[in-house]
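Below you'll find a set of structures to go through.
Look for chain A in each of the two complexes below; its partner is chain B in the first and chain C in the second.
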Partner chain A sequence: MNNESISVIKVRDILMVTMPSDPDDSTISSLQNKVLTAMERTDAKGVILDISTVETLDSFFARTVSETAQMVALMGGRTIVAGMRPAVAVTATQIGLTLKNIETSLNVERALDAATAERPRDPR
Partner chain B sequence: MNPVLPGEIAIKSESDIVAARRTVRDAAMQVGFGMTDVTRIVTAASELARNVFKYAGEGAMTWRQLEEPGRMGIELRFIDHGPGIADVQLALQEGYSTGAGLGLGLPGAKRLMDELDIQTASGQGTTITLKKWRMI
Partner chain C sequence: MKSKTKSPNGGGEKRLEAVTTPDMLRMLVENVRDYAIILLDPKGNVTSWSPTAERLKGWRAEEIIGQHFSKFYPPEDNVSHKTATELAVAEKEGRFEDEGWRVRKDGTRFWANVVLTALRDKEGKLVGFGKVTRDLSERRAAEEKIRKQSQEIFEMAAVPVVQVWEGILLVPLIGTLDSQRTQHLMERLLQRVTETSSPVALLDITGVPTIDSQTAQHLIETVAAVRLLGADVVLTGVRPTIAQTLVHLGIDLSNVFTRSSLTAGVRMALEILNLKVGPKS
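Up next is the complex of A and B:
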């Protein structure tokens, strides 16, 4: 029923991962495996997770994003979550989804600038 | 604007959680909520629909439009015949979870909505009613 899937493409040294707008739980769960496999296969330095079309970020989705970012960090990469919608940011803050230790960017373009800059920012 | 017709959908698979979100989004928009409130309502529905599936295996969600002088609203009700919630106060505490979650689902839904009512007992199933209002 759900034909929306996660797309992963490599741009320069970065994996560009795009979430569909309304993924089901299996699709969300497949994020970790897709990203980690692609990290290893493509020798990428980091991940930009584009959530600009995502309309609902609930606690399950947020936890998966957090855990994926932690795993990417263990593999030596950084993750930048890009394009969170204003209404999603308001809602996430209200329910206490902090996305701790995850870098964020207003949009993919800024995330790419940050990711391809000379030195990564110090981890928080 | 046409009033939202009340309805019910079953929650018994993962894809029903997606269907619940879509249904609630359409209904909330039809009631006239702005984008931020629509997102709050859909997010709360997503948490509770998942709880039904995760803890009870199956259940249902009903929705209806509310109308009172000066305000309109939406009511969502999540009904299951699962194990029930042993300690409601504890379940409403942030960070508490009997599953593997963050423990943000139920307290999160409470924060996002205007009213939350829980009818439950161990072994008796759970009915959670959520309401969100907007002034007119």
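Up next is the complex of A and C:
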């Protein structure tokens, strides 16, 4: 219904994906298809998922993001989740969602830097 | 006043008359500051009013005499018939004291201490009530302010979050970490990380005497939450005893950056930010 509210824009080699503030299940379901078809069509190097307006994160959304990131990785790209709100992070941690193996960034700008720098963020 | 209410048939009244004149008493009632002293009939209707009562509550004598004193109470108290209860208690026990919100003529509220005293004639028959109202708004406001300030200081001291460099936050924790404090830590830290767009936060536990498994779990959750925002946490000040405790408790911190000293932590933060500090020349 409001599938259109997910926007996918290609900037240089990166796909900028913006989530609406209160995505329903069908919107979330459409995320995977949109991102993967855009990956195929544009041959992008990575995906930045902007969730800075999202106010709630449930397990379904978290799983979809994790799975999509894995699929994007299989297609040769990396996924960075940008701009999670503090309150969302608190609830996500409380219900045990840690978005394992997913890169995160404070905001879209930093995510763009990270995505184009090609530098491993983890110094360990 | 007390002896008068305690023994309505005793000699109290006489003694009172002997040392003061009714005129002086009236002057006292009309001029005493901060207290509104009025009289009610046995049903609770106002029978006497005073200039101090007018100053405090706003009504003029001709507007309020004959009216029921429930007018001074906020609506929620009148729903529960508070005034009837008060009169009943005052009649039974001689007096009733209360502290709470009262309403002025213009509808504004003030915090008041109210004492209702049953007045009886020589035969012990109830002739009415004396009502002494004291405006405590200022005291309450002062108390509220002090409470708020100490709360703020306490919260600041419990979890101080300072920015030590562009992109680096430092949280020097001192004292035992209970779950309330760690919860507060998580919220404050996440908020500050977002506000300052800091990719690194140093969590220094040099001043934390011991860590139990619950505290460690809270710290791990905090680190996980900060990661979700897109920032990293470096846990510094891991002293030998703390390191031993953590391993003995079987707490897995392999996903968390840890360093023994704050210096090492700062070095690591600079490394994460891809910055280098060197000699000036």
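Rule of thumb we're sticking to: the second predicted complex is superposed on the first by the 113 of 124 C-alpha atoms of A that agree within 3 Å, B and C clash if a C-alpha of one lies under 4 Å from a C-alpha of the other, contacts with A are read in each partner's own complex, and residues count from 1 in each chain.
Assume a residue touches a chain if its C-beta (ideal position, glycine included) is under 8 Å from a C-beta of that chain, and two chains touch if they have at least 3 such contacts.
The structure displayed is predicted, hence computed values, not measured ones.
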In the superposed arrangement, does A:Pro86 touch chain B (first), chain C (second), both or neither? both
Of the two partner chains, chain B (first) and chain C (second), which one does A:Leu106 touch, if any: first, second, both, or neither? second
With the two complexes superposed on chain A, say which partner A:Asp24 touches: chain B (first), chain C (second), both, or neither. first
With both complexes overlaid on chain A, does A:Ser59 touch chain B (first), chain C (second), both or neither? first
Where on chain A do chain B and chain C both make contact? 85-86, 88, 90, 94
Residue set of chain B touching chain A in the complex reads 14-15, 17-18, 21-22, 25, 35-36, 38-40, 42-43, 46-47, 50, 94, 101-102, 104-105, 107-109, 111-112
Of all residues in chain A, those that touch chain C in their complex: 80-86, 88-90, 92-94, 98-99, 103-107, 110-111, 119, 121, 123-124
Within the complex, which stretch of chain A touches chain B? 1-2, 22-26, 55-60, 62-63, 85-88, 90-91, 94-97
Listed in rising order, chain C residues that touch chain A in their complex are 186-187, 190-191, 193-194, 197-199, 221-222, 224-231, 257, 268, 271-272, 274
